[in-house]
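Sharing a structure here in structure tokens format.
The chains carry the letters A, B, C, D, E and F, assigned in the order they are written, with residues numbered from 1 in each.
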């Protein structure tokens, strides 16, 4: 929950600053660039403006166009594309189902940010694919229900693999880390567990100070640690069940989206919406 | 409980020192400035005097007026205003109810400092709103009952959210931290738990020394740690229940104050008092 | 138990050394100064001699008088007076009862050092009042019963608050720390617990060495840590009960001494003794 | 799971770079060298190219041949051969059975990489023999079943010793370490335990940062630690049983392969395949 | 158990070396000096020779006499005398009984080193008295029974206090530390506990290395730590009972020796032996 | 299990290198020197060659003889002889029985290295005697049964003391440390406990890295730590029982060997073998 990064208005202003030195094509809407870069700090935006200019120059354009900015956003936000990387067909399919799972759950949860792009092109370190969500507005507060939706989206990839292959892979480790982190904060920081009650254990950020006693587990008892673990596991187990229900219902869409990804590697929001309008009759399936 | 910061008389003297270099308007009462800055140290007061002078200069005033000091106090005490920050209507409403909850509980607890100002204008880092309490006098000792009142005021925001939305948000984390810290001190430092008895575990302040054995959890047993956790949870759970009763009784005032905040963003004590004189018939309500 | 600090004869010699440079009034008895400064080291005594000389100079005296030494002892031993500090009437009364509690328990325990002065004038950091005890001679050994008496004196302030107000305040934290420290040493260092038996866990002083294994809790088991905690709590709980009985019996004296303190802020031993000769009929009282 | 090391295409390119400075024999296929060096980083490949050139020079060749590269791969991947080391006949036989066990399990698990070479010539530090597996392609994801196969291959050496001698030796320590590490990751990182559920404890890599609280055990409770230990032990115990069944079935092949290793010290894939085509009638045996 | 310090022959040779530079009186027997300095290292012996020479010079002697060496041994072994220190009569009596207890137990245990001198003159830091034991020969091994005797001698001071005053004092802390240390070594280092069995936990000396895993408690489980604590407590509790029986039997001698110490401050072995020949009829006594 | 130190062939080559500078007597067989120095590294061998040359020079020999090498091996391997050290008769006898116990168990275990020399002459730091075993060949692997034999040999000294004196001494501490270390490795590193199963906890060697999470106990649960402790204790307790049976059977030999050691201080293998051929009728004995 990064509430002190520049908001959409702030990002637009920062972009305007950097754009003064550029010749922009009339199709460039910096407000749209700002809308697509929620979470970016000043340095990221400077980087994006720079990358856009370089991209335009490399293609001998007279002015920087919106497509240059889009490419720059992709590079900066998700890392440079590594199209040269070889992945076997089996891994590709697994990644396609994994990302399709994230995307379908995101679209089925009212509070979740809408999916703007899904890709199975490996980028950066360790990322074999990605699902980009576009926040419609900056958020300062997250309510209990919204946090549950975030857990669901993170579980989408893993549950899709379980549904399709009957087993999970190592690819969900990062999703699990982030989901566990959110669940642990809900229980131990936000007072959202009725078992633990309205109590806040040490501030996770302050915990990086080396000798603060609040930075150590020692602050609370083993019994409390057990209660926290139990509640974290409950939150995550329930999220898995909710997501399993959602993706079982939407199995036809899941297969279709995975196929689409295997064929085109990248699916934009427009294509996703067309696909989601297809009927979603429940499918029979056996999962181990 | 900062008892060695300058008291009201000390603050007035420090302010007089800094005011020698300023041309003050006759309406400026440094004793009032001192009264509004309980808890400030010398550097804060120097900062306030400086900010007041700058504010007056920016408005081309011939002398520094009381309103300049008031503005300076606001800036220094609660952080610089950031009116440009965009918050969506839903978050604004949540913040309004949250601050209204703090304010109403503060007004309903005899030992709590009176509310001087409530605001939902985001300020500083992480603060989406604030409720400013004006201590009538410096305090050196806090009795058991006064500490319970402090817990209640801190719980006010969270409980207001629960009453109105049936769920809490991440916005109460800082309140919970401070309440947990007070409750833990009551149990393990001030001997205020009948279960633990008149015993004092390590001094929390000394705990920052790196190698002192008293700085580690190791001083007491797991069983004692469990007892401390239980008592802390009891203190916080009971505070939540007391506050729920208070705010359920005052639901009409809560709604009115939240509306007032959404409309004007800031409510001064004078407006608050008018609002509190409205009848407070209990309202029926269903809370999950 | 500081047994290597200079004893009374040693302190007198140190004072003689520093007094050579001063013109002393005939009323000055350095042996008396030595008697009042038990626990002081060489630097403290040098400081006292210096302060006495400065005090005499500020009052344009021809020679340093005994009263200058008394003032200097007060300053050095308990911190510089801060008469300007403002405390509200309620806090003052609480402090008065707190110090009266310490003083009455000290006077009622045969092994406790006699009270030479009680004050509710705030001094130094965190000290809102003080009860000065005058050791009649230096002590090298403390027996079990003498340590119990020390616990009682430390509990006197807290129990007085409980009797009078039905609740305790944050003001007893330092007393509790010192009492807990003594009780923990009795149990884990001096072999004075029949439950734990004649065993000595790590030397608390050596514990400040960074890597010694004896400096860590790890030396003994959780079960032993529980036993230590239990015995510490028993020692402190029993002290509280003994002190409650004493102060309930002496409630009339407690009220009288507190009143005296509120009126004069400082009560010398002579005034205390007069007050203690008043009859001490038990009073009826209700304590929560 | 090292997914950011260069893949086969990347390795070939790196090799081409280093080969520019060498005169290569026409039989050298850098694509084959790349295929045999999965897991190598740039420095390893530079080292291999250099060793191949030196080896060719030492044998007065006009150009670097494929056999030079093979020798260089052996040296770099498994350490320099130490043919001079003396091992007694009993130890040699134990090592032969140990490596034969690894190889037979690898060949009997569909997802395991194929065995390219088995050797009982001691190499490097602590390695008394080795079984080289040739990955057919780089892998980015590993599914649950594939991880189980890896555990089986690692258990192969130990179980072979148990079957043949009725006891294990210290030689399996490194295999056990690696198997334990995989099992622990399955349970605590990849959410592959139904007992623990979809939860991820701290990132093992981040754990090397000195003061991060997530780097310590303290994050989860003793009860969770017990559950993790139990699941790890179950995974390893089940692997041992599966492997015992496999090697009991293939006992004739195990004996034949061990004999072959004792005779020739090194067995290439071609020889292994001939040996595996021999009938594998189950043998009766008694194991303590 | 310091087995690599010089033995008696080694000490004599070292003393001869240092004595070459001194003019010795014919009464000086360096073999006797060596016999009285068991446990001293080279530096200590050099110090003793030097102190003896200085002492002789201060008394204008023509040669260094045996009495100068005796004085030097006293200074170096037990610290410089501080005859000027003032101790009250009550403390002196407590110390006298404490040292008498040590001495009587030492004389009643066959394996204990014989008492050469007892004193209640405070020396060095924290030592209010001392009982000097003269080892008849250097020891390299200590058997179980000999270690029990050492525990008994250490308990002698504390038990004497209990018998005479019905309570113990802080003066036994150092004895308890040493006894606990011996008992802990017996249980966890020497395999002398039948409950724990023939097992050795980490070497206490190696434990001072900062990062060795063997230096931490973590090596063994809480359950083992409990067993160690229990056995340590049993060893110490049984020693206390044995010593109580011994000193109850010898109460007349205890009183006589304490009286002798109060009168003469120091009792030499010759005086002790006369005193021990007095009849030791059991006395009736009441101990709390 | 040091497998990367030079083997017998390596040691011979190193010795040849150092011998080039020496004039060797024809009776010197460097292969025999190599055979007697298993475990030595290059520096040790250089030291031995040097010591042999010095020894020869001190005895005015024309060439370095085999006896010079034997003396040098003794010095370097077990520390310089300290014939001057005085040990009392009781300690000497204890040491004699202790070493005799080691030697007899070593001779009665098929896998144990043969005893080449037994001595009760104190050497080096803390070693009051020694039993030198001559490995017949370098070992790279140790099987379960061989490790049990090692435990037995280490227990031999302690059990001999128990049989003869009915109590153990501090002299077995180092044996217990080494036995505990082997047993702990068997259970937690080599997967040799059926209770724990085929699992490997952290590598003891890697544990010296300061911040590795694998270096801390935290990796496994308290329950696992208890299981490890139990298994370690079982392994050691069973070894003690096996050894007690062996030495009870061989009591006559034990007494004879101890007598031989007391008489000659050193017993070579030849003398040992003669002694072992004496009949070994079981003796009646009473052990506490």
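Observations, loosely collected:
In this section, a contact is a pair of C-beta atoms (placed from the backbone, for glycine too) under 8 Å apart; a residue touches a chain by one contact, two chains touch by 3 or more.
Nothing here was measured: the structure is a model prediction, and the numbers come from that model.
Common partners of subunit A and subunit B, by the touch rule above, are absent.
At the interface between subunit E and subunit F, under half of the residue numbers involved are used by both copies, so each side presents largely different positions. Here the spacing of subunit C and subunit F, counted between their Cα centres, is 62 Å.
A separation of 36 Å divides the Cα centre of subunit C from that of subunit E.
Between subunit A and subunit E, the centres computed from C-alpha atoms are 71 Å apart.
Those residues of subunit D in touch with two or more other chains are numbered 216, 218, 222. Viewed as a network of touching protein chains, the structure reduces to one closed ring of chains, two contacts apiece.
In this entry the chains close into one ring whose order, counted from subunit A toward subunit B, is A, B, C, E, F, D. On subunit E, the positions that touch subunit C within their shared complex are 84-88, 91, 94-95, 122, 125-126, 128, 155, 158, 165, 167-173, 176-177, 179-180, 183, 204, 207-210, 215-218, 222, 225-226, 228-229, 232-233, 236-237, 239-240. Residue ranges of subunit E in contact with subunit F, taken from their complex: 1, 3-4, 7-10, 137-145, 147, 185, 189-192, 196-201, 203, 211-213, 216, 218-224.
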